[in-house]
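Let me begin by presenting the structure, written as structure tokens, before commenting on it.
Chain naming follows the written order as A, B, C and D, and within any one chain the residues start at number 1.
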């Protein structure tokens, strides 16, 4: 029913005529543009573009599109990525003991809010296995500690490969992945339970309570080697008062976490997020 | 320092190639596109586009741009509007007794948040004259009642003409303008003190308090003949509780009103708002 | 671990000395007050009070508390309600085809956010049975139409009685219950998918899209005979733009609905909501 | 018209019977309680109470109230503060070059939102003098630099004394006051342009832009010797995107700053804020 679209994300040095060149190429192949959004980072002299058009009636097949876009990007001295709206990335969700983000994501997949498949759950604890089995997802319980971290990460990397995983989502995983791991599998989204850059690191709600803040937040971001410093995709907040104990912050925080993570993931899956200079451009 | 841009807003029946045609025309005249944003209303089969490019180095003078864009729009069976970022529309602010929106707008003009000139205030009451004189703005006190409405409106229309006013802003004017007036001067933005369509008409805060709502709001919209039914530009809200009396709703409402009105006006002045089918497309 | 508290909610004509009288009675029985919150509706000359104290060490047993509070309320010409924090009301959730509110509530019960038991689901459609069975809840599929409404309602009332239900929650039930039903079972919370009083009745998201609003909302309220006019407990909102189709409003709305409903239910279950004059006082 | 109220704020070690003791004392003097709000910090074993009652008909004069409350506080091993709603604290506003918070506060005083008098403006720059003169406020231009700081602070302290100032508000003062100054005049509220504890110190908007956050904020707090670490009264936020340049963050931030500062100041002036353990309890 819903027709497939081609989504081009391109970043290159800015110069006049780029929008025309890109849309002209689409038009010359009889593409009907559904969305076109561009951003110029004048500070860095960069041009970012996201164009989405119908694949039906388009004059090129998928393979040919990849090829021509690659030539286009080379000519513009830029980088391009092409996706199709009917792709369903294979996503592994990493969890610990808390179920709220996991259940929320599985429900959103089921109700077609998130165009992805979740064939694999990686878990640092055993608690959430029943929930995952209900949803028919493989649950791999891999305890991770300071001692066995390299072995555990090796184990996980093998599973990611075996299950042909495209993207990992840390849904309250509560563990830090090593630089080595990230080099081998860099495509990871995390939810951190604070308004980054406030309260980086462990126990942000406890520290937020100590500080007496009136707002708590959650931040969904891409994972990089610098802990909690990756490009931010989405942030949400909730109001708190002196009446709220740490447990109340944790409870209220769960809602902000799952909303921020779900929104970020949807934006990512619909290819609305471009990463550059340690930041993101989010084309809404 | 900041270079002038050309802003094109175009609406026409949707068909493939429109983005390319528009951006191609800009490129063929050596225009460097700063922003390009498009929207397709598939329901109505309409294409809306807003493109902004640098006037410097552009191959056409202002007059020629108007002319060529008109031809383009005709060819596409659409309607186009061209503006330049260095225009400063002449705005009349209509007030009654309340100062908060008026003062807020005058301050934002002064601090360069709103690119407009305010040569004229139309007032239904005498109270705000001193404030306006401080800002060096002509203050015309024109009492309006059921009896003298046609005469008062005639008077106002003459002033709008005399002061060469482009846009009127009803900043808590508390009076309904006649259909006749709107035909003669249709370019008007109003701030209504409720989350439209809730609480249309008079005394929305009193009725919101009666109803026991937990959120109050403000709506900035273009004025049409159907009271409070015009195209919505911006809406803001504030939380209230059972502890808030009507006066508290009014007080909290003032902040939502001035924020909604200021945002809407800025969007309008930067030509980010397109009206169609009784609604707005707001290109952020 | 967590000690039980007594929660008194009292409403009576206002006069000096009421706080002292109430807290004095608690103190005279050696009660340690945890929370005390009062509100005076000067317009109506009413005093509302919510006092919560530890049951441990308190000088009266539960039965005696009920009795003495009843005498106190009579003396003050008011109405009182006493609850204990260890009560777990038996709640029936009414659903149609949409799962988001139902799943959300069941998860919050499981994770101890909502102190209630859910022994019964009343469903107008068959779709959600598997989900309910996973959570071990009885699922009663009772199709309701114009023709069979009286019979269906009779059926439901019998089930509510059989399962000893204290409270019904309409979690996107999409059916209007008759006045007769409400007289027999008046304790009902509903989630309506608009910022009431805007868009009362059917298809609020379609009408919100038609109107071109920039904010959509959800309203959790007690059900009364006048459709969508019951006392409001909680309201939430989400931002929308011209890019959002009706389906996007529905999708975004789901998050505001489940948050508003969950918050309202938690407030209700913790006895933080008092209804009076068609409105609520919510003691946070 | 509006009758005067007595406002008691008390903090003492928690034990049963405190609410009764306080409200009993009010009742024994025929006081009609308008608001009573309490908070128990179980972690610290502290009881905080705010009670407000009518002065009319009350059995004690102001002097006697102070005296009896002092005795009561001593007996409870606590600290008490008594204020009357007809007090109008004398407030000095400290400014630099930016006018938005200053103008906002002066307007709110004029429109009776803030029950205070502003007889004095302390300015680090000359720019805002005309604005202050319009409002009839003394403007003292005291340039402050590394070299002359002790002398400048001495000068300011003399002015605060001369003008009998009760409270200082740093409305974008952009200068750090010395520990010595704070010891001599500790009653100060500041507005910081970030969601503390994120982006403490200088140029928070520039650093927020660098980091690529999706939310910016403002924090109104009491000033203590540790820069930007004082007890937080109110926090507000605004959404930003990749399209926003630093100047846009600054512009959007102005609205969050003035709202946060105005709310915090109103809460402070109505004696709704109690400071303890480096945090605030805000009785709404």
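Operating definition for what follows: a contact is a pair of C-beta atoms (placed from the backbone, for glycine too) under 8 Å apart; a residue touches a chain by one contact, two chains touch by 3 or more.
Everything quoted here is computed from the prediction, not taken from an experiment.
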Of the pairs A-D and A-C, which shows more C-beta pairs in contact? A-D
Which chain is most remote from chain B in terms of Cα centres? C
Is it true that over half of the residue numbers where chain C touches chain D are used by both copies, so same, or is it different? same
Whole-Å gap separating chain A and chain C, where each centre is the average of the chain's CA atoms: 36
Between chain A and chain D, what is the separation of their C-alpha centroids in Å? 41
Numbers and ranges of chain C residues touching at least 2 other chains: 241, 243, 284
Think of each chain as a node with edges to the chains it touches; is that a line, ring, star, complete or other? complete
Chain B-facing residues of chain C, complex: 39, 195-199, 211-215, 217, 231-235, 237, 241-243, 277-282, 284
In the complex of these two chains, what residues of chain D are touching chain C? 15-21, 23-24, 26-28, 30-38, 40, 57, 284
List of chain D residues in touch with chain B within their complex: 99-100, 103, 107, 111, 113, 134, 241, 243, 251, 255, 259, 284
